[in-house]
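Chain lettering (A, B, C, D, E, F, G and H) follows the sequence in which the chains are written, and residue indices restart at 1 in each chain.
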Amino acid sequence: MFMYEQELHSLLKKLQQGELEVDDVYNKIKTLPYEDLGFAKLDHHRGLRDNFPEVIFCPGKSVAQIEEIFIRLAEQSANVLATRADEAVLQTIREKIPQVQYDPLARLLYLRRNSPPCPGQVAVITAGTADLPVAEEAALTLEIMGAEVTRIYDVGVAGIHRLFDKITLINACQAVIVVAGMEGALASVVGGLTSRPVIAVPTSVGYGASFNGLAPLLAMLNSCASGVAVVNIDNGFGAAAMALAILKARD
Amino acid sequence: MFMYEQELHSLLKKLQQGELEVDDVYNKIKTLPYEDLGFAKLDHHRGLRDNFPEVIFCPGKSVAQIEEIFIRLAEQSANVLATRADEAVLQTIREKIPQVQYDPLARLLYLRRNSPPCPGQVAVITAGTADLPVAEEAALTLEIMGAEVTRIYDVGVAGIHRLFDKITLINACQAVIVVAGMEGALASVVGGLTSRPVIAVPTSVGYGASFNGLAPLLAMLNSCASGVAVVNIDNGFGAAAMALAILKARD
Amino acid sequence: MFMYEQELHSLLKKLQQGELEVDDVYNKIKTLPYEDLGFAKLDHHRGLRDNFPEVIFCPGKSVAQIEEIFIRLAEQSANVLATRADEAVLQTIREKIPQVQYDPLARLLYLRRNSPPCPGQVAVITAGTADLPVAEEAALTLEIMGAEVTRIYDVGVAGIHRLFDKITLINACQAVIVVAGMEGALASVVGGLTSRPVIAVPTSVGYGASFNGLAPLLAMLNSCASGVAVVNIDNGFGAAAMALAILKARD
Amino acid sequence: MFMYEQELHSLLKKLQQGELEVDDVYNKIKTLPYEDLGFAKLDHHRGLRDNFPEVIFCPGKSVAQIEEIFIRLAEQSANVLATRADEAVLQTIREKIPQVQYDPLARLLYLRRNSPPCPGQVAVITAGTADLPVAEEAALTLEIMGAEVTRIYDVGVAGIHRLFDKITLINACQAVIVVAGMEGALASVVGGLTSRPVIAVPTSVGYGASFNGLAPLLAMLNSCASGVAVVNIDNGFGAAAMALAILKARD
Amino acid sequence: MFMYEQELHSLLKKLQQGELEVDDVYNKIKTLPYEDLGFAKLDHHRGLRDNFPEVIFCPGKSVAQIEEIFIRLAEQSANVLATRADEAVLQTIREKIPQVQYDPLARLLYLRRNSPPCPGQVAVITAGTADLPVAEEAALTLEIMGAEVTRIYDVGVAGIHRLFDKITLINACQAVIVVAGMEGALASVVGGLTSRPVIAVPTSVGYGASFNGLAPLLAMLNSCASGVAVVNIDNGFGAAAMALAILKARD
Amino acid sequence: MFMYEQELHSLLKKLQQGELEVDDVYNKIKTLPYEDLGFAKLDHHRGLRDNFPEVIFCPGKSVAQIEEIFIRLAEQSANVLATRADEAVLQTIREKIPQVQYDPLARLLYLRRNSPPCPGQVAVITAGTADLPVAEEAALTLEIMGAEVTRIYDVGVAGIHRLFDKITLINACQAVIVVAGMEGALASVVGGLTSRPVIAVPTSVGYGASFNGLAPLLAMLNSCASGVAVVNIDNGFGAAAMALAILKARD
Amino acid sequence: MFMYEQELHSLLKKLQQGELEVDDVYNKIKTLPYEDLGFAKLDHHRGLRDNFPEVIFCPGKSVAQIEEIFIRLAEQSANVLATRADEAVLQTIREKIPQVQYDPLARLLYLRRNSPPCPGQVAVITAGTADLPVAEEAALTLEIMGAEVTRIYDVGVAGIHRLFDKITLINACQAVIVVAGMEGALASVVGGLTSRPVIAVPTSVGYGASFNGLAPLLAMLNSCASGVAVVNIDNGFGAAAMALAILKARD
Amino acid sequence: MFMYEQELHSLLKKLQQGELEVDDVYNKIKTLPYEDLGFAKLDHHRGLRDNFPEVIFCPGKSVAQIEEIFIRLAEQSANVLATRADEAVLQTIREKIPQVQYDPLARLLYLRRNSPPCPGQVAVITAGTADLPVAEEAALTLEIMGAEVTRIYDVGVAGIHRLFDKITLINACQAVIVVAGMEGALASVVGGLTSRPVIAVPTSVGYGASFNGLAPLLAMLNSCASGVAVVNIDNGFGAAAMALAILKARD
């Protein structure tokens, strides 16, 4: 039952008072808020329920499928976001929606027609330069969603002093995203230096025994610092989504 | 450099003005805020820097070591917390500090001499009854730290309707902890139903192919719902720490 | 929405016709069919929705918790089943419900007060004698639920001729459960010999490179024979549940 | 011994009565029902023993090998099926057998010259759009084999309400296939909502910690819902084969 | 069909000539050579087909089951062998069969009433003293089966010169078993020094990153020396069985 | 010390008798039998010590390196073998040594200028057609080394009757190689049917949960049939080397 | 606090004596020694603190980023090193800095404008020819840093006598690097023969069950020889860095 | 050939000059320097070749075996060391050798009758108190071998400032051992702060996703700091052995 209590109560009241017929009420209760494209079911109310309108994860979808989903979402929402998009998708959609924007480093394709109010500030920190694509996926997603971002890049623990004069900057944010490959130690170090919630993103950057990100994933899950939680390997978007949920939890 | 900017500035000022000697200032800058027991270095200022005073993780420590650390912390802080404690530790410490409390389900040993103000409300949700020890470790830690807890237990996806009349309760919280073993699907389902940040805790409950919690750990990391981040297997304390950081991020 | 269409329609009709009040209907729609024990939520309608009344998985639950759940279920259902139960639980519950039965090999504790009609025949096949506890968990569960069982034990592929004069027996069943440890090859061999659906159960029996059942689990998932699907390691109950669903799919 | 009892009895009878010679009987008993191509042994009687005529799994076979096997099977069977076929195979075989059909999404190449009677109805459900290739491999295989298919696509747990108005549709089927990547939670949720046997197919869709489908594989094996069994990662064909065995178990 | 060609031909001949009835022949063909105990099916002809009479693997079997199997096998075979047996089994069986013997290091329980002729010589080599239980399981099995054994113990690669004056001894054998834990390098070194077939047995001896024998298992499978094949972790019996098959391959 | 006893004794004798000088003897003892190319050290005496002249494993070596090693070996040995060679290597070497031969399925490049006597017969068995490249690497290696090979292909356990009329053929060999992917069950089945030593080769053929051959590797290591040992995934050459060692152990 | 004690003391002294202002001292203490490029923070003082100036690990960085970092480092340091560089990077940088050098086997790109004094001698040993790229990454790095290198290549344990006349050479070095794939046994053998510290580098060379270097990694970690430590798979640079630290520890 | 060049030359000279007989020289060359106990071969010359006299690793050995090995070593060497010893071994050996010493935290049993000269200084650093048993195994081994040890315990990255005033202490050592469980980040942080060689020891301390030390093991292997190498999980002895080899490399 996804209908809010008042709505249900009010519907039943109207039925009792003869303002609505049984079938009207029955259908309202049964009808669920999504649009069915056959191969996809678009969840237009997710913007209410969740912090995002439905976001398109492109891998495994054909360009035609992404195009159709993107256009339908654009008919219902001011802002649309597709992650892990490549240039071919950009070309196709730009013909239909010229205002669409694309960031090749973050691989985000997006339409931004209104500016949601800024809910707060998030620090996005990387251990190395090779972590940038994941960090930018997080940072740009946050900005599209209206948050402000403090980027602190290349402060890995091999030269940990580069981090220390950034602590005041970090503490000024309400949430912290740490993106690191190799041994992922930066998440623990940042977690030990700040009382802000730390969202750790392991990356698949590194030599063989990284096993495509398994090493920093396990390291971050085992962080000895408290206030650290972990999202999927290379999942900058997921980190941004968690950060936004944290920012909005302040409301 | 862990000294706050003002402190440093003020120290230098006093040196300039002759109120302090070079060696005083030098030592203040060099002296770091911990107490050295030899086998342990107690970080008494962590209460300022982090949301917790230093918490004692008991496994691998002898009863004598736990006792000594607990008593030293109790001399400096009103509240002390030890996790994964067993009854032997309780007996020993109670002789020295009679007000110490113990919860055998959560395996928490704690001293609570003042009540920090309540920073908010956290939902703690479990999939099954066997997840209770981990959930209680989280819930009781939160209560000791001054947060309010809404317990919603045994609402796993095998009977998912048990979850649906709890959605309003969940949305009333600022953070949500989901504790689940087996396939860990509850984290994704809750994540899809609420816009609150979800902290997922995999547990080691289940048949053989759970591989001691690996199955729900991977499932939770791969959650298709956004706004979900994961802590270590069976780590109720870690989830509570993350939730507290989120609550405090609202300040 | 877990209410059947007719129920909802009929409720709304009665509201329209003044036979029910708004609050009655509202509560009926919102009230979900489970009983809340605090630490557990009993799903008494599962017998309708699923093939089982709720079954108690004992590991990780205290004896007191199992006892309370068992007794509450026994108040609502004629038959109750607890898996992976040990003798301590038997002692406790027998004091309250003398008719309770226990099988030490299958580790099943159960109350059987009526006999559901027999829905069909299931073959339970093991590779070796050490697979018996898992096989008996499956076989006895099936019998408690009213199915007939054909036991074919110790016919592993090291002496594959032991299997061949059983083929007629196997084909006379509507579903086949194959329980095997070590390399788990028996599932593929049986799958190649029969057109019946084969439910494969890997067991944790074997030398070190079995890795507690990982070897037969992977082998069974990779079966080159078609019509084979796999349940969790040592999960005889899960295999029985799948077999019952298959038998009932014939209705 | 794969000969049916009556056949053997009748052969021996005829030998006794002088209707057959020793060598005829000897050869009939020894001659096994397959055709030997050297690099492959075609099992033409599998259609009797199993639910499928032998199906060609293309990976690792050369185009020439696939072609030869396909043509030989087409000489013996009305219907032939090759899975994981690519377009090059289609081109080659179409020159010899113009009626051959190909579905590029499902990657199935098939010849369908008669229509076996429809044995029942199977629901094929996906969590996301990226799971479609695997789902279509299952659905089209079922249709080629004569079953009816109810496709319910893109109802993953991030927006679980999309699933709920499909429950009546699902319960009208005799078997259910759930195709899901990422955390694979949909299998458990569907398993909890229906009493039909659920065949879960993990897919390799997802971020890094999916480890190419390991995450949903483990999750599905650990399903807390009963009546769920699992086939290999991305193995839509295997799920269809299991479903057909279930449908035929009703005879 | 496990009957030898001549047997079948001769049976059919006798039927044709009226020396046998149809049912006699039918039953002879259908009757398979094992004894059914219900929970076990004893394969008394394995001694012909394989190099061993059926051997009892004790783990997972109850003492009563082992006892019954042992006694039945002892009625049919001069020699009986049970592996991984503990002392409790010895006590029970000795009451019935006083000649039974037990080796506590190898954990073998056996009855040896005739001496099969010696088929050859096998070297059993260990890296360290902690590998002895596995090595003795192999060596004693070989001796019970009539082979001669050359024991070369504690010649691990940390002091590789201890191996070199044994090369003549090793080359005098027809098969070589190498038992090693930790990094398992000894198998490769021996394989590089001899042209004899080397059967490598990884053991679970070692520090944490041995992962219970995974390290030497993988190392032995990746041996850069040729003429090396591997059996299961700690499986001394399996190595002996392979060695016996090699010795008998000379006939 | 790799010098045979007699050689050493005779050298010392000659020194004592004044037939040799100290430095001659010293250098003979110290000089080891290999040729140093800088990037490679060719072990020309391996033909004596082992069953093969040194064999070139091509992956990771440049074409120029392979060429130089091949030509140097060809100067010392009548026969040379390179495994996992691609066509580029063939082109290069053929210019220098026109008699070189290449098999594209087995990926073997070889020079065969004399025919070593045939040491025996080896059965090479595959489960499916996709296992052929690995099987042919084994079979052709054996033939190059002078053994006879009985090829029995495509007799996997999904249609196990295809195997049964081959048992006499198999038992006529002195060693058996079983090549199988997917669940690898064929090794156990063959191992249960013959007393010959079985060398199992897992292949990387299969769906996702094969994990590139891990599934059949573990299955084969856990074979419940005795007389089975395992070599590396896809390592047809390694199986041939073990089989040759077994054949030669008969001398 | 990364400032040396004397510096701090002297700064405070000057403040006291009025030679410096509070803000000067404050900023000196706060200013940390790195250069910020935005996407990277260059740690120019690492040459003092560590044995290397900051080294560029190229994978995951764009050519433009590598170019910018290289040029900035070249402005500050006489010598610059980039690892895992490809030819495209060489082309770009050579246009700006013609003296840059490139080794295609080791994939090192470097600028060497002064020659640091030689700190000692390191043996770099490989098991096979395919290990050369990793070995050369180590050896050339050492030479760039001023160490002397003794290369001993292709002395794997399949022909272990090739190693024995190199022992004197090895013992003449102060550190030993052993590079090996497959089973990685060479590290243990070398470790058993020398008292020098052995740095083991597993490589990803080998058949399937190497699992991209996991097999030699685990083997080397489990070395039964003492004085062996391990770096990442294929990480020749890491081994060189450890060797340099060992050489410099002699100062 | 393990004889030193001069020894061999001198032996041959004496043979030539008639001072020795052929058999004397022959036996001297063939006789290898170890003592054979049957179940163990004691390598008394290891003290010359390696930095340790042979050290006894107790797990998997019986008390009687440990006793015999210990006593024999004590007859040949002034100092003897057994690792992972328990109190039962102590009791037994003390009866024979009263001077034997035992440390219950480090689990080392040792005889120390002379004091080897101190070869240098090693820092032993732990992340937490629970890492002490492993750290003490390393530290005490070093002290027994004559090195000096600087213990720096409980300086994990959750409170990283506890480490910073120890940097001068650390840099004063010639080698550094870092012992850490959980995420093992301390090794990277220390590696980034010092130019000394860092030997990292992962411990099995931590929550479930540590997987018994796999998490810190992988993290340490992936250290982004240079000059770090890793030994086995919980292997304090191995770290000490590597440190001693480094100290002695200075000679």
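Quick note on the criterion: a residue touches a chain if its C-beta (ideal position, glycine included) is under 8 Å from a C-beta of that chain, and two chains touch if they have at least 3 such contacts.
Only a predicted model underlies this, so the values are computations on that prediction, with no experimental measurement involved.
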Any chain in contact with subunit B as well as subunit E: C, D, G, H
Between the pairs E-F and F-H, the one where more C-beta pairs touch: E-F
Inter-copy rotation, subunit C to subunit H, in degrees (Cα atoms; steps of 5): 180
Repeat of interface E-H, chosen from A-H, C-E or B-G - more than half of residue-number contact pairs shared: C-E
Separation of subunit B from subunit D, taking each centre as the mean of its C-alpha atoms, in whole Å: 49
Distance from the mean Cα position of subunit C to that of subunit A, given in whole angstrom: 40
Subunit B-subunit H separation of Cα centroids, rounded to whole Å: 38
For subunit F, residues that touch 2 or more chains besides their own: 1, 5, 30, 128, 158-159, 164-165, 181, 192-193, 206-207, 209-211, 214, 217, 221-222, 225-226, 232-233, 238
All pairs of touching chains, each written as two labels joined by a dash: A-B, A-C, A-D, A-G, A-H, B-C, B-D, B-G, B-H, C-D, C-E, C-F, D-E, D-F, E-F, E-G, E-H, F-G, F-H, G-H
List of subunit D residues in touch with subunit A within their complex: 128-133, 153-155, 158-159, 161-162, 164-165, 181, 205-211
Residue ranges of subunit H touching subunit G (in the complex, touch as defined): 1, 5, 49-52, 55, 164-165, 168, 174-175, 192-199, 217, 221-222, 225-233, 237-239, 241-242, 244-250
Interface residues, subunit F side, partner subunit C - complex: 127-128, 156-160, 181-185, 187-189, 191-193, 206-207, 209-211, 214-216, 218-226
Residue numbers on subunit G that touch subunit A, as the complex places them: 2, 30-34, 38-41, 43, 46, 54, 57, 59-61, 65, 69, 202, 204, 212-214, 217, 232-235, 238
Touching residues on subunit F, where the partner in the complex is subunit H: 1, 5, 8-9, 12-13, 15-16, 18, 21-22, 25-26, 29-30
